[in-house]
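Alright, structures below, take your time with them.
In the two assemblies presented below, chain A is common to both, partnered first by chain B and then by chain C.
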Partner chain A sequence: MQIPDVKQKWPNPINEVTIGATKEEGGTRSHTITVGGANSLPFLYFEGELPHPPVIALEVWDVAPKDWPEELAKYFSDVWDDAGKWAKKCVDEFGADLVCLRLQGCDPDGENKGSDEAAAAVKKVLESVSAPLIIFGCGSDEKDNEVFPACSQAAAGERCLLGSITEDNYKTLVALCKADRHKLIAESPVDINIAKQVNILATDIGLAPEDIVIYPTTGALGYGIEYVYSIMERGRIAGLSGDKMWAMPILGDIGKEVWKVKEAKALQKEVPEWGDHTQRGPLWEAITATVYLQAGSDILIMRHPKAVAETKKYIESLTG
Partner chain B sequence: MIFVGERINGGFKDIQKAIKEKDKSIIGRWAKIQTEAGADYLDVNMGALSNKLDDFVWMIETVQEVVSTPISIDSNKLSFIEKAIKLCHKSPLINSTTADKEKLDEIIPLAVESNASLIGLCMDKKGAPRDANKRVELGATLFSEAIEKGLPEDKLFLDPITMPLKFLQEQASSVLEAIRQFTLLSSPPPHIIIGLSNISSQTKEEELINRIFLVMCIEAGLDAAICDVTDEELVNSAITCELILNKQIYSDSFIKAYKESRKK
Partner chain C sequence: MKKDIAKVTFLPEGETIEVEKGVSLLEASTRAGVYVSSICGGDGICGKCRLIVKKGEVKTRPTTLLAREDIKRGYVLACQSEVVGDVEVEVPPESRIEGKILIDMDAQRFRALYAPMKEQVTFRYEPLVQKIYLELPPATLQDNISDHARLYREIRRHKKIENMQTGLKVIRGLPHILREAGWKVTTTLGVRGATTEVIQVEKGNTKDKNFAIAIDVGTSTVVAHLVNLNTSETIDAEATYNSQRVYGEEVTRRIIYAELKGADKLREVIVEDINNLISILVSRNNIRLNDIMGLVCVGNTAMIHFLLGLDPSRIRKEPYIPVCTYPPPIRAAEVGIKINPRGLLYSIPGIASWVGADITAGILATGIYQVEELCILIDIGTNGEIVIGNKEWMVCCSASAGPAFEGSGVKSGMRAGEGAIERLEITEQGKVRYTTIGGGRPRGICGSGLIDIMAQLFKAGFVDRAGRLRAGIDGRVREQDGEFEFLVVPASQTDGDDIVITQPDIENLLRAKAAIFAAVNILIKSLNIEFSDIKRVHIAGGFGNYLSKENAITLGLIPDIDREKIQFVGNTSILGAKMALLSRQAFDTCYKIAKRITYYDLITYPGYMDEFMSAKFLPHTNGNRFPSVTEMKKVEKGV
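Then we have the complex of A and B:
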C-alpha cells in the first residue's frame, strides 16, 4: 500500500476581491489591489495556491485625533489636520498598500461633522494619493447611514472598500455599494455564526459574495486575540471546505485595537519594568498583526510606521 | 453531503415511457427538477426495459442538453461505462463495481484514467453481505485495491449495501456499524454512500423511514446518498444533521445558506 499523501486538499477557494479602479476601469487609481484567491491555509505554499499576499492599509482620519499617544503623534501630527497630506505621507513615506480613511470626525459624540465635510475628506484623499481606498464609518449606525451616501457618491466608480455593515444595519451600505460599484466590509462581534448571517442577509438583497470582505472584529494581543484567532481560523477552514458564506477575504483592524491598550501606550516612566515604550508600542502592534496573518487575515489596517515595516518584512519572508 | 438524484431510472414508469418513445421532455424535466433541488450528481439508469447502448447514450445526452450537473453512470456493463465516460462533460461518478478482483482490475484503471469517481459495492460473486464484518472486509478490499491502483480516497465511494427493512430488518444496524468502521479506514476516509430508498422498499412509511435512516447513517459517517432529492424534508434533515455534527457552521438561515452555496 502507498503512503497516503498528507497534504490537505480544499475544494473551495476563497473569493478574490479587487479594491480600487484604474482609469480604464472607470476610476482614477494608478493600480488595484486584489486579495483572496487562496485554496489553502495561510502561507502553506507547498499545499496550494496563494496568489495574493496580505496587504496593509494605513489609517488616516478626517479629523486630528485627540487620544493618539505621543509615539504615534510624532509621525503624524504634522499632517493630521489635513487628510490629504496625511494619506500622502502614509503612501509615500511609510509604504501603505492602501489608505484607510476613518470618518471619525463624523462621530456624534465628537466633532459631529456632516456629510458634506465627510465627502470632501474622501475627495481630498482620492486626489492626493493614487492608492486604493478603504472608507470606514465612525461606528454610529445612524450617522454612518447619513454620511455614506455622499461619500460613496464622491468616490463613485473608484471601487473603494466601505465599512461596515452589521446584522442590524446593512441595507443602506449594500444599496450604495451596488449603485457606486464599491466593495463592502461585513462586521460581526467575534461570532462565527453571525459573521455568516450578515453575509447571507447582504447577499439576499442582491450583493454578490465576491463583493464582501469579512471583518470578524479584532482584539489586541492580550485582549482576546486567541478567541478571534480561533474564529478566523475556523471560518477560513469552513470557507475552504465549501461554505460560500465564509469563503471571503478577512480584514483585521489592528491599529485601532492595539493603540487602545495600556501595554502599547504606557510610557516607560509610568511603568519602568515594561521597558522602552518606543519599542514596546510598535512591537505590540507588529506581533498582533502577525498573529492575524497566521489566522488568515488578508487586509490589515495599521497605524505605527515601524510596526508596518516589520509586518511587511514578515509577509515578505513568508511569501518568498 | 453529496446528493445523487435517483429519479432518471428505467424502473420508473414515466422514464420507461420516455425511453421507449424517445421523449426528451420527461428526462429533461427530471434533470432540471433534481438539479434545482440540489443534486450533485444525476444518476442515469436504463432499468430492465432496454439493453441497448444507444438508449443509454441518448439518456445521458438528453440530460446534458438541459443541465450541467455531473452524471452518475448507473450500469454494471463495462462497455456501457466506457462509452458513457466519453460522453460526460464533467467528471462522472461510476455506479458501480462489486469487490471482485477481476472487475476491479478493469474498472479502477478506467476511473483513474478518466478522472472519474467510483462507487464500490460491498458485495462480490458470493452475493450480498449478511453482517457488518463481511461488509467491512469487502470495503477494505475495495479501498486497498483503489489506493494501490492510484484512485485517491476522495474519488472512492464505499456502499455498504442497504437492504429492505421490511424483509431483512437486522441488516440496517449492520449497515450503520459498517459505516462507522469505514470511517476508520484512512484519514480522511473515502466517501461513504448508500442507495437510500432500498431501506423503505414496500413499506407504508417510505419517506419517514428514508429520512430517519439517512440521518442515522450521516451520524455514523455517511457523506453521500443516492436518494429522492426532491423530498425537501429529507434534504433538510440531512443538512440539519450535518449542522448538529458541527460539519456546517450555524447561522439563522442555515438551510438557505446551504442550498445557495450548492447552486454554482
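Then we have the complex of A and C:
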C-alpha cells in the first residue's frame, strides 16, 4: 500500500523581521538578527522553509529588581545596578542572541525614573554590547508614551524592537518607529481577534506590517499555557493560510511570567516535596519556553541562564 | 429691504420672529424655535403641521388635508403657507405634542419604505373582535325562541359561525337591552380559539365605534398602535420606555428580581405603562375606553410572562422552560389592562424561552415563511433576533445586543420620536448635517441617527477602527470628565443640552452591533450557507422611518451584500400584531409559524466569543468580509 503524501503547503509565508542595524545600515551593531520567513509550522522542515531559527533575548532592567528570587539574583546581583554591565554579562557569559531592556525603573508605582534616565540606560546598553536590542516599556501607557520618545531617539537607526503597543495605546510608538526606523511589538490579551485589530490599527496609521512582531501575551506553565498555545498556533495557521495581519513573527515574554509563580520560586525548604528549586525553577522556565516554541514563537524573552542554555540546546536539536 | 421682512408671532408663547416674505410658516417656526409637528418635513402630505391664523394673512396653497370647517376657523398647514405680511398664528395642541413616536403606517404612507410585503402577504380581512349591527325580529307567539337563541340566530344570518359562547353577565342583561333598544342592537364578537364569544351587546348601532390596540412590549420600549377595526387604519401611535428598566436593562436581571421579590411588581409596572399609552391614545383621539374591545400584544417570551403574571424564573435556567408560549385569549381586565371590561387580550404565540412572539410577528409581517427564496430577518432590539429561512424551513437565534440602538444607555440617545436626529452626515472637515424627525430642533439621537454617526465618524476618520475618537480635530472632539466625546450639535441649536456622542456610547454601540453581526454570522456558518445564498435581507427595528443601508454596512452591522437585496422594514413586531388583529387568518398563521421555527442556541456554539470580538471592530477585523467598505477606506487613503 502506498502511503499518501500528507505534506501541507501553505500559501502565505510569515514576514521576515530584522532587528538591529550594522554600521553599513546606519547602526552600531556587530550583526543583525532576522526572525520569521517561515512557510510552515514550527520545526516541520520536511514540509517547508524555516530560514530563521527562534532566538532568545535575556532580560535586563534599568533598575535593580527587588522581587527577583535568589535563584536569579545569584547570577545577576553583581551587575544589576548597571544595565550596561548586566547586558554584557547576558551576551558574553550566557549567550543571549538579543538583549531585552525593560524600563521597569520608569514605573510610576516604582522608582518613577524620567525619560533622561531611561534614554541613558538605552545608550549604556547599546555601548556595552553589540547585540541587537529589544526595549520594553514599564507597562503604564502614559509613562511609556512619555519616556519612549527619548529612548527611541537615543537608539535612532539601531533598528530596535520597541514594545509594546496595545489597542488602547499605539499612536506614539508607531510614530516613533516610523521616525527612528525601529520595529514594534504589538500586544494583545490572548485574543486572536484583538491581536489582529492592533495590527490593523497600527498599519492604518502607516506602519508597515513587516515592522511588527506579535506578542499575544504569555502565561507560565500551569497558568493557562494551553490557552495561549492555542491562540498562538491558531494565529500562526491563520497567517500561513493568508491572513496578512497574522503573518508576523511571534514573541513570548516568558521569564517575567515564570519567575512570579510559586512553582518556580518556592524554595526547597518551604515545599520539600517539590524538590530542588535550583533545578525546578530553570526547568519550569525551559519547559514553558519549549511549549511556546512549538506553538510558533520566534523570539523568547527569558531570565535564567540555565533555562536559556537548555532551550538553546532544544532549538539546536530540532533545527539540526 | 425693510418691506420684504415680516413679523411672525406664534401663540400662545408669543414668540416673534422676523422673516423674509415668502418663507413658509413651518420654516419660520423652526427659526423661532417653536415646535410644530411635521412628519413629511414640509412636503405637504402629512397634514400634521396645523396652525390657526389669528391676525393677518398668509398665502396658502390648496390642500385636501384640512376639513372645510377647519379652513373656515382659520386653520392652515404651516408648510403650505407663505408669509406675506405680519401675521399672528396659534399652534394648536395637536401640532405641539412632543415625544410622539412615529407611526409605522406614516412611514409607509409618506416614505414608501415598506412596500414589498404587501405583494406577498395578503390575508382575509376578519378582525379578531368585530361588531355586527343586528335588527332582530321581535318575539311573537309564532316565533317564540329564547332571547339568547334569537340573538344567535340573527348573528348566524350575518356570519357563518358554528360555535358560540356567551358569558352569564351578557345573558342576564339581554332581555332588557333587546326590548329597550327595540330589538336593534350591536353585538361584539370575539374569537376565542375554535369558538366565538358574544362579548357585548349594545343598544342601537355602534358599529362605527370599533377600535383595538396592538402593543409591542419590548424590553426597552413599549409601543402602542390604535387601530380602527372597520377601516383597518392605524389612527395613532404612542410609545414609552419600559418602566421595568429600573429593575434591570436586561431581561435576565428582571427575572432575577422577580425571583427574589415576586413577579407581581413587574406586571404592575408594565400594565401601568400600557394603560398610560392607551389613555393617551384614547384621549388624543376622542375615543371612549369602552369602545376598545380588543388588544393584541407581542413581545419576547419573558415580557409576555411578566405581562400575564406568569412565573418567569425557569426561562433563565436550564433546560429553559417557559410556562406558556401559546397563551389563550383572556379578558384584558384579568391582568389589569383598562379597556372595555369585557375586552379581550390576545397574545401572539412565541417559540421558546429566548425566541418570542416578536419573531413570530416579524416572520408573519415579512412573509418569510411562504417564499421560495432564502431570506434573513434581522430584528435589531435589546434582544436582537435573527431568522433565516424560507417556506421550507426556518432557523432562528437571539443575540443580546443591549438597548443602545433604542437610544438607551447612550448619553444623547432617544427613542425615534419628534426631535430625534434620524439621519446625519459628517464631512471630513467635521461639519455635521442632520435631519430630525419632525424637522424641528434636535433633542437627541435615535437608532438610525446613531448608526449614521458611527459610520460617518469612521468614514470621516474621527474614530479609528477600534472606535476610538481621535483627539484635537476642529473642536468637535473634546475631552469631558476624562473621556473623549464628539460634539454633534451644540446646545445653542438644540432643545436643551449639547448633543454629543461619547467614547462609552461608541463602545456600547460597537458591542451591540458586534452581538448582532456575530449572531448573523454564526447562524449562517452553522447552516453551512454563504451570505451570497441569501436573496433578501429584512432589517427590522424601531429606528423611526429611515435607515441608511450604506451606513449600516459601513458600521458592520449588516453583511456587505448587494444593496438591492436589503430592505428596511421598520417595527415588524407591531406590524405583525396589527395584521393578526385585523385578520383571524393571519392570527392563525402565527401558530403555524411558531410551530415551524427551529431555535438555534448560540450558547452551544464554541466560537461565539471569537465571532463577537472580531465583529467589535469597524467594520470587522476581517476586512475581506466588508470588501466595499475596505475599498472605500482605501480610496480615501489614496492607496
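Methods note: the second predicted complex is superposed on the first by the 316 of 320 C-alpha atoms of A that agree within 3 Å, B and C clash if a C-alpha of one lies under 4 Å from a C-alpha of the other, contacts with A are read in each partner's own complex, and residues count from 1 in each chain.
Simple rule for what comes next: a contact is a pair of C-beta atoms (placed from the backbone, for glycine too) under 8 Å apart; a residue touches a chain by one contact, two chains touch by 3 or more.
Worth saying up front: this structure is predicted, and the values here are computed from it rather than measured.
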Practice task
Determine, for the superposed arrangement built on chain A, whether chain B and chain C clash or fit.
Solution key: clash
Problem - First, second, both or neither for A:W246, with chain B first and chain C second - result: first
Exercise for the section: Have a look at where A:L318 lands relative to chain B and chain C in the superposition and call it first, second, both or neither. Expected result: neither
Practice task
Decide which partner touches more residues of chain A, taking chain B and chain C as the two options.
Solution key: B
Problem - Which superposed partner A:K196 touches (first chain B, second chain C, both, neither) - result: both
Exercise for the section: Report which listed segment of chain C has C-alpha atoms clashing with chain B; options: 222-230, 528-536 or 546-554. Expected result: 528-536
Fill in the blank from the handout: The intersection of the chain A residues contacting chain B with those contacting chain C is 192-194, 196-197, 200, 204, 243, 245
Completion exercise
Residue positions on chain A within touch of chain B in the complex are 1-2, 4-5, 9, 192-194, 196-197, 200, 203-204, 234-235, 238, 242-246
Handout entry: Complex contacts: residues of chain A adjacent to chain C
Key = 167-168, 191-194, 196-197, 200-201, 204-205, 243, 245
Exercise for the section: Mind listing the chain C positions that touch chain A in their complex? Expected result: 464-466, 468, 610, 613-614, 616-617, 621-623
Exercise for the section: Spell out the part of chain B that touches chain A in their complex, as residue ranges. Expected result: 144, 147-148, 152-154, 186, 248-253, 256-257, 260-261, 264
